[in-house]
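Have a look at these structures, which come just after this line.
Same chain, two partners: subunit A is paired with subunit B first, then with subunit C.
Right, the complex of A and B next:
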């Protein structure tokens, strides 16, 4: 990084850097942009306030018993993450390429002696670090509050929650970047990102509920379809890490626990990893083909 | 607290390493002797005398047909070698104390046991009974005591196990301080006036199971990780006081289940994290009888109270329903209308109560009438439970509140809900080890974020000129 400083400003690249070096420079630039922007600050504050609030509420139920249950308020944290984190990641990703394209700076970026793949992966990496930082601040402050008010939530479960939430953010960011690559304008990209958010958070679950009732879907079909949704995979993975089983999710959860057993966390994590990698790979391919158009 | 599988697997490996080292350190086991040696000792003793069995392993099946006290002194081991019942008591007034009893037969049709008692006034005390199909089996053995035994079943699938303790036509018995693990049930058939206190049953089917057994008090027992904690069937006038039922979440998964039971009193129990806290099926069943649920803590269950629609004449007062996913539900359609959810103006605490207490008399000013559209859907479509804890569930609940024509009937009405939980102790004290470790987690997360922001986010030695700030 110091070589870039020694030569000139952050956006000028004197010589063709290595593959990783190029990605690193773009990541650094993207990260600094994110820090300077209002969305990062706003999302971080909103997420921190909500996470601390929900943790505080869940403590008042669990802490007084000295018993860790997966009660309604503890589930509130899960609900909050499933609403806010995809929104953060999808909109951040959607703005990445489309924003540069609309401002006309994309041509300038692509004129640098780096490949398009490096530009895209660099932007993804920078945004990913910014998002994870934002989550770390929110979870960190609420962990501090839990520690202060005696931790009712297990440390291991909490660490798993943080890790899985970061993975969920990466998956949603990947979808957001794919949307951004295919959009000409920021407004279109943001609209598409919001629609994707609505679909993943509400419409697919409601559709699957209706489908399972109308078509009398069997438990294995319901589980298969639900785990294709990264948000449901995330939720199930968190519940497995806290309860060691999915029995709390009724017949479908019991089916998944009993047939998959120890492989269940791996299957659910694999779904999240797939969502984090496949849309990003598609974005790389499309960006290489279409570029600044 | 259950951690993820990885941690538990690691823990199991460490434990097995430790126990392997312990086993290596022990001396070689003593040469086994035939159980006939103990039989000769009993034959030589007079009625009522104490027979002290020297330490050692005695192989074979023993029949005690003289009223003696068999004292193993914690060193005598009776090994049935996997055949039949290990010790059978055929005389009244026999005591078996301080023995280890192991390896009965496994054939479920002949019901082999660790200790089988066929006569009254027996005392089975401070024994370790392991790897037996049935643990202690009292058949027509009234006035007996089963106390302080540790009973572990055979490693069989649950359907092929025997009962840890079984009473059959044995009135006036005392069953206390036993620790039972990995059996079918601790079951009581046609046995009245029992005293059941301070027993622990884990990893079994039904912790305490009553069949046609009346007039008994169950106090301070602990039932956890069973399919059902306490299941009472066709048994009347039973009191459950101060018991705890935790994590009973098998196929049935009830903390307490009642089937056709009259005049049951359930008071000051803790029913936590079961699939269903209390399950009531047609109880009370006779005209003129009732059921009382008072001052219980029913928390963190999937369903706090589940009852069949024909359930009536029960009184619920002073209970705390805390953070159950559903406070109360009916099994199938219908409401719990003919049960009382308050007595003399004292209702129950419901953590999802949406009212207020303006006059600060401790009683909410609005009745508690829970209506959950998602809950109503779950009653018909149990598979939909997969979608709990998700924003889609919240959306459905919101729709149910916003659109009156979709709003389901309330399952129950508590006319005077309590504004604060009544009997909750303040178990949480100062910060423990968990708090300290949580503080470490907080420090790690915040310093990671801080390092990123400070290390990469600040453009050292450069003008603040920024490239295309997006906002």
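Right, the complex of A and C next:
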């Protein structure tokens, strides 16, 4: 080696895994770790029990017994999903990087021939697959029982619900991973994730109600603010997908239905996609720029 | 193989590494010697590109900052203590790292065999002894047969037998033409393995020397721990180094390697500087190998 700084050209670089290859290997490891973990088992069992329970109870509410059809069950599951799925995804994401950092394993992984982006995206992908699998098991068991008891009435709405729930899970996982990247300890990350969950599920609704009264917000402003909350976007998207008008949500819903018409599902889905991508992109940038482990 | 120029790393107001520059040619063996907090570990992390720092570092001509993962493909890294998922089985962990480097499954088995861990594939990482964990870390480091091995105090948590095994393996690697960079607190290891020593203190490169110059005796030496007041430790370390002693601070006093028949010499040196020694403890005999001559 000469005394001057001589750097190898791109064609002479030693072999390191390709960007996608590295992401895939981390994703596979994360997925396997998730399958072996207690949180995956607990969440899957809890979600499955609740989904089956709701499908059974949704018809009894109107005086019948047995299982509801897919459409009614989808409506019944909506509130359950809005509570449980963000909690699952936010906490899983929050533990991802902060957990590796706290255990001291992050340094060892980063000392391998991989980039920080590969580590982060691989972990996100593996957790995303595990979460979607967990949800699919719950939805699948519920759907199997419904199909057995009632046939396939409203299966389209139910499939739409599954898809939108997966998108909501990815969005909340992105937020969780962003929290994890900025936290040094798992307990701090989990606390921040629980606060984010509380804010999105309860506080933002209360804030919107208070704001609309205090500042005399117009319907379009209320709709804009509501659709900025991924949970509200999810709720409206599910209602629209069940061929129901947003009129059930009052003047704001009526405004959205009449103004956006056929574009409404796209707008709401775009809001969820934005929540799934922007926090993840921010996490990638912050993690790559971070000066320490 | 390694070219470091002006490496500087700050953590807040503390400069952990300050303007460190050195070169290490292919096949060379370089020891980092210094007190706890001298900046050895931070320097290693800067060279691996896992933390951001000022200055330039390249490994095998590949710029660490710009092409970190390609540079790390040339390195096998052994941390002070292996940090890997405790639940992972040894065989699965090796397979993960082999795949990460794009190596066939057979290579994982070969590498385990090379460090004497064949037959332990089903054991979980948490069930391994300290020595076995270090051998596993060595097995991971040797997976892709990299030309450079970087070790951060690889024997500090091992008993005498474990230390002997690791040193023996490193001697074999050195004979095979590998380049070694390692941090150590043990004079015998440095003398056995290194042909150059960088003495670091408070983040700065204090001296670039050879083991023979640092320990000019072939007689057995003893590690002596001197207990001083906290405020005088840094001055004492400087005074002893100026008097030609190899010193390191380890949080429980100041350790000096001295010839067996000259244990009072450091105390006399400090007395001349009016630095009070509260207590003295003779730790262990260290046989300086023939290589020191």
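Criterion: the second predicted complex is superposed on the first by the 253 of 293 C-alpha atoms of A that agree within 3 Å, B and C clash if a C-alpha of one lies under 4 Å from a C-alpha of the other, contacts with A are read in each partner's own complex, and residues count from 1 in each chain.
Operating definition for what follows: contacts are C-beta pairs under 8 Å (C-beta built on N, C-alpha and C of every residue); 3 or more make two chains touch, one makes a residue touch a chain.
Keep in mind that this is a model prediction, so the values were computed, not measured.
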Query raised in the report: Where does A:155 make contact in the superposed view: on subunit B (first), on subunit C (second), on both, or on neither?
Result: first
Requested in this report: Return the chain, subunit B or subunit C, that is in touch with more residues of subunit A.
Outcome: B
Requested in this report: Give one of first, second, both or neither to describe whether A:115 is in contact with subunit B, with subunit C, with both, or with none.
Outcome: second
Query raised in the report: Just subunit B (first), just subunit C (second), both, or neither: which does A:25 touch?
Result: second
Requested in this report: Please indicate which partner A:39 is in contact with in the superposed arrangement: first for subunit B, second for subunit C, both, or neither.
Outcome: first
Report task. Figure out whether A:205 sits in contact with subunit B (first) or subunit C (second), or with both, or with neither. Result -> first
Query raised in the report: Taking the superposition as given, does A:49 touch the first partner, subunit B, the second, subunit C, both, or neither?
Result: neither
Query raised in the report: Who does A:107 touch here: subunit B (first), subunit C (second), both, or neither?
Result: second
Requested in this report: In the overlay, answer first, second, both or neither for which of subunit B and subunit C A:187 touches.
Outcome: neither
Requested in this report: Would you mind listing the overlap between the subunit B footprint and the subunit C footprint on subunit A?
Outcome: 1, 5, 29, 33, 36, 103, 105
Requested in this report: Could you pull out which subunit C residues touch subunit A in their complex?
Outcome: 1, 3, 5, 11, 23, 25-26, 45, 48, 50-53, 56, 58, 60-63, 66-75, 77, 79, 81-85, 87, 96-97, 99-102
**Report entry** Residue ranges of subunit A in contact with subunit C within the complex
**Finding:** 1, 3, 5-8, 12-17, 21-22, 25, 29, 33, 36, 103-105, 107-108, 110-115, 118, 289-293
Requested in this report: Provide the residue numbers of subunit B that touch subunit A in the complex, in ascending order.
Outcome: 1-5, 7-8, 249, 253, 272-273, 275, 297, 299-300, 302, 322-325, 351-352, 377-378, 381-392, 394-396, 424-432, 434-439, 441-446, 448-449, 452-453, 456-457, 459-463, 465-471
Query raised in the report: For subunit A, which residues count as touching subunit B in their complex?
Result: 1, 5, 9-11, 28-29, 31-33, 35-39, 61-75, 78-79, 82-83, 95, 99-100, 103, 105, 129, 132-134, 136-137, 139-141, 143-144, 146-148, 150-160, 162, 201-202, 205-206, 208-209, 212-213, 217, 219, 222-223, 226, 231-232, 235, 239-244, 247-253, 262, 265
